Structures are given as C-alpha cells and as structure tokens.
Amino acid sequence: MTSALSLRGLYKSFGPTSILRDISLDIAAGTRHTIIGPNGAGKSTLFHLITGRLRLDRGEVWLAGENITGLSPHAIFRRGLARSFQVTSLFPRLSVFENLRIAGMRNAGCGHAFWRRLDGFAELAEQVEEMLTLLELGPRRDVAADALAYAEQRALEIGLALVGGAHTILLDEPTAGMSRAETERTVTLLRRLSAGRTLVMIEHDLSVVFDLADTITVLADGGVIASGPPASVRGDARVRAAYLGAAAEVLT
Amino acid sequence: MSQPATTLAATKSRHARQGGLKIALVFGLAIVVALIAPHLFASGFGLSLLNRMAIAIVFALSFNMLLGQGGMLDFGHAVFFGLGGFATMHLLKWVDGGLPLPVALLPLAGALGGAFVAVPAGWISTRREGTAFAMITLGIAELAVALVVMIPQWFGGEEGVSGDRSGGMPLFGFDFGAASQIYYVLAFWALIAAALMWGVTRTPLGRLANAVRDNPLRVDFLGYDPARIRFLTFILSGFFAGIAGGMQALNDEILTVSNIGSQASGAVLLMTYIGGVGTFSGPIIGAVLITLLQMALGTLTDAWQLYSGLIFVAMVLWAPGGISGIIRSHAPILRGGLGGRLLAAYLALLPAALVTLAGIIGLAELAYRLQAVRGGGKPGHLFGLAVSPTTPWQWLIPLALFLFGAALLSRLAPGARAAWQEAAAFAAGRRGR
Amino acid sequence: MKRLKSLALGTVAAGALMAAIAPARADEVVRIAYIDPMSGPFASTGRLGEQHFRFAIDRVNASHAAGNRTFELVVMDNEVSAEKSLTLFRKAVDDGIHYITQGNGSSVAFALSDATAKNNRRDPEHAVLYLNYAAVDPALTNEKCNWWHFRFDADSDMKMKALASYIVASPNIHKVYVFNQDYSFGQSVERAAVAMIGNKRPDLQIVGTERVPLGKVTDFTPYIAKMRAAGADAVVTGAWGTDLTLLVKAAADTGFPATFFTYYLGARETVQAVGMAGKGDAQISEWHENVDAPAIDRMAAEFKAKYNENFYYWRVVDMIDTLAAAMKQADSADPLKVGRVLSGMKFQTPLGPEEIRADNHQLLQPMYVSILAPDMPHMFPGVPLGFKTIKRFDAEETRLPTTCAMKAPG
Amino acid sequence: MQEALFVLLNGLVYGLLLFMLSSGLTLIVGMMGVLNFAHASFYMLGAYFAYTISVGLGFWPALIAAPLLVGVLGVAVERYGLRAVHRHGKLAELLFTVGLAFIIGEIVPLIWGRSAVPYRVPALLDFPAFTLGGIQYQAYRLFMMAVSVAIFAGLYAALARTRLGLVIRAALTHPDMVAMLGHDVPRVFTLVFGAGCALAGLAGVIGGNAFTTTPGMAEALGAIVFAVVIMGGLGSIPGALIASLAIGLIQTVSITLDMPLGAMLGHIGLPLDPHGALGQITIAHAAPAVPYLMLVLVLALHPRGLMGARAD
C-alpha cells in the first residue's frame, strides 16, 4: 500500500545554517499523524518544504505515489494536499463565506471562469454553508475576516484547509492560542472531518497530540529522533531526554 | 449547529432573489438616466460632456478591475485604451472605404485590440505583484509611447489617425454623424461594458482576483496560480479599456499619441481614486465628477490645476476611500437614524472649513492674478471685491483667514471625528444584533 | 465701458456669461475662440499669444476696421490636448462662436481642422472658420487641407525653401546636419531639408539626420559629438523650446563652431542660455525686431508698453487685420461669406504685398533669414545680440506647389 | 579610439548625473517603501532655490543653502504629510507624492514665471578644461562628476560606518525588528526623507545651470529616475550607481549607432522586414527608449533589480 505522504532524505539549510537533515518519513493513508518538537526544530520549515513554499536542497517528496518534489504550491494542492498556516493567513477584506468559498473553488471545478456566475456553483455553496455550520461560524457568515475575533480567525484558517476536499491535510498548530473549550471543539471537528483522509499536524498541545494522533514524529535539532505510535514515542528515552523534559509528567 | 439546512437554503435564495432584484433596479435606473440625460443637456457641449463621461466611466471601471478588484496598480493603463482606440480607428477607416460593418459595433474592435496588447504586457508584468508590477507597467507605458511615436506609418505620429464615423453603413437609418446619435451608441456601450464588468466581479475569476489582491500567497496554497489570475484579470481589463478607447475613437474621430500617454494614465488613476477604489460604483462617481471638474473649473479660474491638485492631496490625506468611501462609511449611520446627531457635529465644522477654504482660494487667486497683472492683464474681482495683488495688505486677509480657519479646524476636527466614530460604532452595534 | 470691464474678467471668459453681459448695441460682436494652452508646461506660449490677440483685437476695434463689428476674444484652455480641444470646440459651437483660432501643437491643429470640416458639413448653420496662426505642418494645406482652415504662418516647407535657398547660395557651407524633434513637424522639416538642400550643389551634402523625442533628452553633448564627427559646418533644425535651448547650449559648451539654421531661435530664454556663442546663428521668420518697418516698430513699442513683453507675433496682428478687412468687404460676419472673401484675397502690409492662396488657403508673406549679430538697434536683454536680416524673400517667392484638392462649400 | 573615449566619457557624465538624482530616491524608496513621485520636483526646487540665492549671494553659498532648504522642506512634507498618509497604505503614500509633484509644478511657475530663469554656471568653472577630438570639455562638467562621486563615497561610507547607517540598513531588510529594538523608526524615516530630498536639491543646484532651469525640468526627468532606482534595486546605493552608469553608457553608445533595427536583427538572424515600419528605426533613434526597455527586461528577469534589498 502506498503512503499518503512520503518524505525521502530531505535536507534544507538557510545559508550556513542547517535547518533540516535527512528527514525521511512515511505517513500511511487515512491516519492522523502529529509532528512535535521544541521551537526551532524545523517543523514549520518541513511543512513549507512539503507544500512547495520553500525549495528543497536535497531529497524527494511523494504524495500518494507521485513525486511532487519541486512543484509549485498550487500544483501540489491540485494533487490533493491542502494546508493551514501557523500565522493566520486569510483574505481579510472578504467575508467568512467568501473565504471558505475561495478555498473550495478549485475542487468544485470553477477553474478561472469569468463567464459563469460563482453563485451558480450550488454544490460549492452548500459545501461552504455546511463548513460554516461545522466551524460554528454561521452567524458570522457575512462578516469580513479581519473583523473576526482571534479564535474565530483560527477556526476559519483550519476551515480553509478542510473545505476543498483534499485527501491529505497539513495543519500547522491548529489550536494555537485557543482556549480550552475552543481546543476541545476543534479536536472534535478534526476527528470528524479527518475521517477517510490523511491528517498531518504540527501541535504543541500534548493533550491534543495524544488525543488525536495515530502516529507521532518527534523532530529535534533538524532531525527525526523518534517516530511511531504514541505508546512507543512516549517510552522513547531520547525523546524524553531531548524534548519532553518538563512536560514528561503528561506522558506518564 | 442548530439551524436546519432547509431554512438556511431558503434564507439564502431569498437573499439572492433580493440581490438580483436590487441589481435589476440599479441597471434599470442607469438605463433611464442614460435615456433622459441628453434631454437635460441638449447642447452640443452638454452632449460632448456626456459622451466623455460615458467613455471615462468604462475606462475607470476597467482600471479599477485591476486596482480595486485585483490589487494591481497599472501606471500605463492608457496603453490599452489608446491602442484599442487605434484599432477601432483603423477599422473605421476601412469602413469608410466600404467595409460593410455598422459603425456602432466598432468599439468591439477596440476591445480586441486592447486585449491583444494586454497579452504580452501582462505576460511580462503580472508575474510580479505590488510595487514591482507597478514599475514594470510604468516601463511598458514609456516603451509603448516611444514606439507609437517612432512608427508614424501606423499611428500617424503627432497628427494621429482620423476617420469619419458617418461614412459607414447606416443602422436603422442613423449614420451617427450627429453628436446626439453617437451619444446613444456610447451610452449603449457604457451600459453594456459596465454590466459586464459588474458581472465579472460575480464570477470565479472575479472572486479569485479579490483573493489575490488580499493574500496572493494563500491563493497559491488553494490550488490557483496567483500570477495566472493576475494575467487573466489583466487581459480582461485591457479588453474593457479597449472598449473605452474604441468609444473615444468614435467620439473624437481622431486619436493621437497623447491618448496612450502618461497623462491619460494619470487621469484614470485620479478618477478612480477620487471616486473610491473600494466599491464598484466608486470609479463611476469619480469619472463623472472629474470629467465635470476638468471642463467646468477650467472656465472659471486660472488656478484650476492647482485646485485639482489640492483637492486630490486633500482626498488622499483625509478620505483615502474616495467619495464612495465617504458614502459607505456614512450609509449605516444614516440608515440607523443617527444622521441628525452627526449633522450637528459636522455643521459645527462648517464655518471653520469655509473660512479656511476662503483663505486658500484668496491666496491662490491672488497669486495667479499677480502673474496675470505682471503679464499686463487685469486682476478682476473675487467674492465681489476688487482685487489688487500688488498691494501687500490684500495678501494678509486671505492669509489670516487661512491660518485662523486651519487652527480652528484642527481644534474642532477631533470632535467631529469622535462623533462619527461613536455614531458608526453605535450603528454597527445595532446591526450586529 | 461696461464691455471693457467684462473683457477685464479676461481669462474667465465663459462664453455664455459674455453673451449675457454683452449689451444690445448696433455693433455686432464677433467672438473669436482662442483655443491654446493657458495652463501646464506650454502655458507661457499660450499666454504670450493671448496678449498678442488682445492687442490686435483692441487695434481693430479702435479703428473700426471691421465696419460696425467689434471683435471679442474668448480664451479657452486646451493644455495642448487634442481631446480637450475637441470638447472646447463643441462648446464654442454651442455658444454660437463662428471663428476659432489656435497655433500650438500640430496634433491639436489636425484635430480642430478635422472637427471643423465635419461640423460644417453636418451642421452648416453653425459653420466655423478656423484661423491657424502657428501650426506649420505642411499637410494642413496639402493632403489634409480643408476649405475652412486658413493658415497665416508659413508652413515648414515654405520656411525651409527660404532657408535652403540661402544655404545653397552660401559657398562656405558644405556639410549640413539635419536635427529635429521626433514628431510630425520635425519629420516634415527633415524631409524638406533633405529634399531642398541635398544634391543642390556638388560641394554641398547632407552628412546626417537625427530625430530625438520631444522634451526627453537632457544632455545633447553626444549628439553634438556625432555632428562634429560627421564634419558638419551647418545644422538645420526645427527644434524649439527647451530642446533647442539645450541643443545650442551644448554646442556652445563644447565649442562646436557650426552655424545653426533654426525656425525658433528667437525665444529670449534660448538666446540668453547660449549667450555670445550664439553669434552668427540664423533663424527664418516672417518678421523680426530689426526689420525696417516703422509701422510695426510702433506696434512693437506700444505692445511692450502695454504688456511688458517683447512683440513677437506680427502675424497675429496681420491675421486679425485681414479678417477685419474681409468682414468689411463681405459686409457680413457669416463665416462662409467671409471665407469666400479671404480665399484668394490680396492685400498690402507694412512688409509688402501678401496673398491668401485660393487653392489651399495658405498665406503668402515675405520671409526673412536673419542672424544674431552685435550692435543692432534691438537686442536681447542681457545678451548684446540682435537679429540682422541677411536675406529677404518676397511673398511670391515662398510659393510651393500644393497637393490640396479642397472643394468650396455650397 | 578617441571617439570611443569620448562616448565613454559622455556616458559617464550622464550616468553620474542620473546617479546624483536617483541616490536620494533610492534611499527613500529602499528605506520607506515610498515611491516618491515628487522627487524630481525637489530636484527642480533645488535649481530654483539655487538660482534665487545665487542672484543675491553667488553660486557657492547656494550650493550649501539650497539643498538644506530643500531638505527642510522634505522633512516638513514627511512629518506633516506622508506620515499621516502612511496608515492608509502604500498606494495612498504614492498618490500623495503624485499630488505633491502636481502642486509643486503649479506653484513654481507662479513664483518664478513660466519660462526658463537665467541660472548660470559660476564664472570660476565656466571655461573649457580640455579638448578631446575637437570637442571642448567644460570644467563645470568635471565638477559635476566630482560632486557625484563624492555623494556616492559619502553615502556609502555613511551607510557602512555610522550607527544611523546601520539602523537604516537594518530597516531596509527587517523594519519590524528595528522598531522592536527600540529605535524611533518614524524619526529615522523623517531624517531619511529629508536627506533624500536634500540630495535631489543638490542635484538641482548642479544640474539646473548645466542644463536649464524651467518649470518643465521635473517632468522631463521623473520617469528615468524611477527607471534607475528600480533597475538598481530598491535601497541599494551601489545598485543605483551601476544602473545609472549602465543607462548612461548604453544610451550614449546607442546614440552613435545609426544602423537600422531591421539590418541589425538581420545580422543575428531575426527576420524583420528592413523596409517595414519597425525595420527602418535606427538604434540611435530608439536610444531614449532604451532605459525603459532595460527596466522592463531587468524586472521581468530579476524582480529585485540588480542589487535590491527589498523585494516589494
């Protein structure tokens, strides 16, 4: 069986600073995978490399059996990979509804049409309304994105990655800055929406990690120090030493 | 998660139906205005003003398709306008020569010409965004002007290319020679082009252009190439600018290098910005107003260029949303019935504003009339007073007015601003609930 | 006096306003729309023209040269834009104005000539006569001529004919460089120079031609170097304004000794920029301050006293005088009737006999080739040089064949 | 040989003048991201101020005082105009400078008249320094070159060596960081804008009498200065120098090439009808369009310009 996402020997450095070294990882289709690691471990850089935002120095990225190394972000998206950002990245002057609709346009077959009414894509609108409800943003449907509260913006950020129907979804710290209750709602949402899809997350909140993840990869100092099911990662001595330290009690 | 999907869909379709009705109403009204206008301004000058407005509206809307909808500042938009015009003009000459085409259809040639030129220009420029894009368009504009001047065989050099719109195939018995007849042709095209451009904002590409304007990076991660979206928008914009150019060709029956030059590009930027880039109606307001201003102010005072410069800078400083921005920021307040309170705050500003204005006008007029007097002219009157710009004390009056008024304004302005903010917040609060 | 006062409003000049104020008197008021730049970079030229028109009109009105008609100037600012000129043309027609005049910018001239022809064909009741006092593109009286357009300035070919015949007759000139601004006027000067100077004498040749975009070049030194490398001893140029100033200044700075044969050297700022190095440089004109014509000298003095500017456009006075005479003769202000009189009209001026050609409505007038020389009666402020006639051409001598095939209306 | 030297020298002079004009703008654009369309207007003001001062006091006091005056004006414009517009975004800033250029262009002829003013080269430098191939070289041209080189050296040293220079260079690449480090960024902006305007004023003092001082002088140079700054790369002083010299040299060289485009492209195998409308244009004829062609090409290939620090 092919992996949903397969990384083969990725290297990346900025000038003389080496950020990532020899990252190899296989993520099975339909699983929820979490990447953890201390700040500066290169987690966001890894996402940027996978999604085409940054160029690799060496190595290959395969998506569902296809080599996507060096493709542009939009080409990668078209092959079924969507992502969210750590720093909220929305369309500030457009309404929540329009934000989500834009995210869904590619897969709804809108193309670049300038001769068809956007409102004519009824299925897309339905999909978006549904997502609005799921994100509990229904009452904020027509509010401009930059007028939303922070937590609402984070929810919308996740929504943009989810609405398009991609088979593999990369979320960069989806619950960052959320309250406990909001985090719990988000976890429920992710659990629900990741059914049948592959979910890769960077996450700091370890309760979320162990709640959701089927497999965990630990990044530290630009390298993978452990990868596997939660139980094995939890028991890994190097992980404890290199990363967990203060948070060790959560693990036990 | 409580609202049943059926109710939701129902609300939505009601929304859509109401929206559609509103749009139909607006365009119906526009058609009525277009039909009535020539009877209100029946003189040749009035018609010629209306014709220019129609052209300016299409041109400004096409410009705002880039700037307002797509976030692209094009310093050479007149290139597509002008070259579209030249295309129309050449076709018009063939029509004069016997090509069986109705003259009224010729702006379409301008559209094709504009789009045709926009393809290579856009191919180079739209791969970049922001300032780099703007600068490339500046370079392209300079290049285009240089080329047009260098090839008089095609563009007629300084004397331009002229044609005769009444030489073609008559349509329903009209030959379109008379200004009143050509008005209807131009009004027709202005309405069609405006409707189409409005339509484009409702299409996938139109929405994607908004997205690219706001956040091109994110668009890239949603499966679209931002450069491609910019490119297509650019070509469309060139297409509509070309229609405006074609209308211009029919109206003036002559087209010269100046129609593609930086002044024409600057004028459309001015119109669009003053009208407001944030709304679809902004450029229309700007086009109508600036056309009027250009023609009317010039007959009233020598200082009109200075005044338009000052008005422009004042708008940039205090009303960056343009006129439509002002309207939009007050509409909810008025709808919320809070206009009265705000009006009082504004009225308090009025005397100070008038005093300042009188001071500025006095200074400017004195300066221009001093120049006139030096050249042997007569100083004339201002506000019913005999002007003598060579007498020093006459300068003191407007100077004092200006300083006093400005000081007063800077005192009072924060109060009015606060009143507006309060009213806006109140109105927003009401609506939010 | 009331009318004078309304004139004093001067540049305001809203036609409608004028019409309202104009009192009902026996005199018929003939309004002339003056469509030229009053603002923007070319305003100085337009203003200077306006002063000459006011001067000429005041003279005509004072002497009742047009019979029981008085002229009134309506100033319209076109910023040298063809587009704006056309709108102003419409406005003039609306306001019942039948005479327009313009001079700056060939593009404007072509647009106005074209608009006049179309307007008069479509709407003969509001016919307009277009009096061109300074736009000199030959096409206006040749392939693009029109019956309603009358030109009172010699076209660039006629001027070149005079310049060329002087150059061809000068045994010391062997190598001529032709330098122009790149637009229709510059192009036609270049064509005429090449045709009229090249191959006219075995030891006379054109060693180079060059055109530069209007107002875009800052440093002309490389061009001077090119002329020098070509061995030019004379430069023929139709350049004007800042371009001409910078060109002759660059020549003076680099010590380039060739003589400049120009169309527009007479501008004060140009002569002041070149200084004494301009000595010997030539221009072609229909008049200059040191022409021996006492009647015009008096006008020039009067003009200077009134406006504190040098008298420059003799031809504006010539044009307005001629228009007045034609109206008197036609005993009408109807443009068609006046046009019929003007077409082929012959008359005397202080400079000699002149004629408006019937075949293309071009005025034939005497022309002067003059050079900047010291010790002249009239000299430039700050530079002790003045124009000195070195060759005079009678009006008839400037006649050129025309390709004009215009038809008289009616 | 001599001819080649002459062309080179001319290109150098022209290039250095362009650099003088654009050095101030490149600072402003690089640091503040403001495309200052009024820059050439400050150049014009420098020339007019210098004219007025030189009438009373002579050229040398004007050389110092006029740029300072223009600088002060620049500071005022930044402090009371641009800063207020800043929050409305880049487009508003740019349009503000467009309006400003327009207003200056109207006010200057009101004060000094619509035709050229007789602003002269100082007598001390008004002599031919040497003759090359029969063409005299005015001493004033050498002076212009010297001033331009001095500006480059001074700016380069100031940016590389001084604390303020360090802050400015840092602000070019990481504006937020500089603010976080506690530097008063608005004040630095004001200073940079004032200094940039003063440099434009200095160019005006020196260029106004070498060429002409007219109300149209700003318009004639506006576009080409932008071409230099953009091509050189926003904010890069060496980039501006290279772009200036490149434009100066290429334009001067192309003036000497009388070969028609058709023939030239024919040499390199591109088919263009040598008798068609395009084929007949000579390279010399197209010379003034060359900077813009270079601009479009450089930007299309390399969006940051030759040595740009900012990409936007």
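Letters A, B, C and D mark the chains as written, and numbering starts fresh at 1 in each.
Keep in mind that, in the parts below, a contact is a pair of C-beta atoms (placed from the backbone, for glycine too) under 8 Å apart; a residue touches a chain by one contact, two chains touch by 3 or more.
Since we're looking at a predicted model, the values are computed, not measured.
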### Message
Under the document's definition of touching, what chains do chain A and chain B have as common neighbours?
### Response
none
### Task
Taking each chain's centre as the mean of its C-alpha atoms, give the chain farthest from chain D.
A
### Query
Using CA atom averages as chain centres, what separation in Å is found between chain C and chain D?
36
### Summary
Rounded to the nearest Å, the gap separating the Cα centres of chain B and chain D is 31
### Message
From the mean C-alpha coordinate of chain A to that of chain C, what's the distance rounded to whole Å?
### Response
75
### Query
Of all the residues in chain C, which ones touch at least 2 other chains?
47, 182, 213
### Query
Which residue numbers or ranges of chain D touch two or more of the other chains?
109, 113, 285, 288-289
### Summary
Shared-interface residues of chain A (touching two or more other chains) are none
### Summary
Pairwise touch list, complete, is A-B, B-C, B-D, C-D
### Query
Which residues, counting only chain B, touch chain A once they are in their complex?
1, 3, 5, 8-9, 12, 16, 199-200, 202-208, 210-211, 213-215, 217-225, 228-229, 232, 236
### Query
In the complex of these two chains, what residues of chain A are touching chain B?
51, 53, 72-74, 77-78, 82-83, 85, 89-94, 98, 101-103, 105-107, 110-119, 121, 125-126, 129-130, 133-134, 136, 138, 160, 164
### Message
Looking at the complex, which residues from chain C come into contact with chain B?
### Response
7-14, 38-40, 47, 51, 76-77, 81-84, 86-87, 90-91, 93-95, 105-107, 110-111, 114-115, 118, 122-123, 137, 139, 144, 182-185, 187, 213, 306-309
### Task
Could you please specify the touching residues of chain B with respect to chain D in the complex?
67, 73, 124-125, 127-128, 130-132, 134-136, 138-140, 142-143, 146-147, 150-151, 153-154, 262, 266, 269, 273, 277, 305-306, 308-310, 312-313, 316-317, 320, 367-368, 370-371
### Query
In their complex, what parts of chain C are in touch with chain D?
41, 43-44, 47, 182, 208, 210-213, 215-219, 221-226, 228-229, 242, 245-246, 249, 253-256, 267-269, 272-273, 382
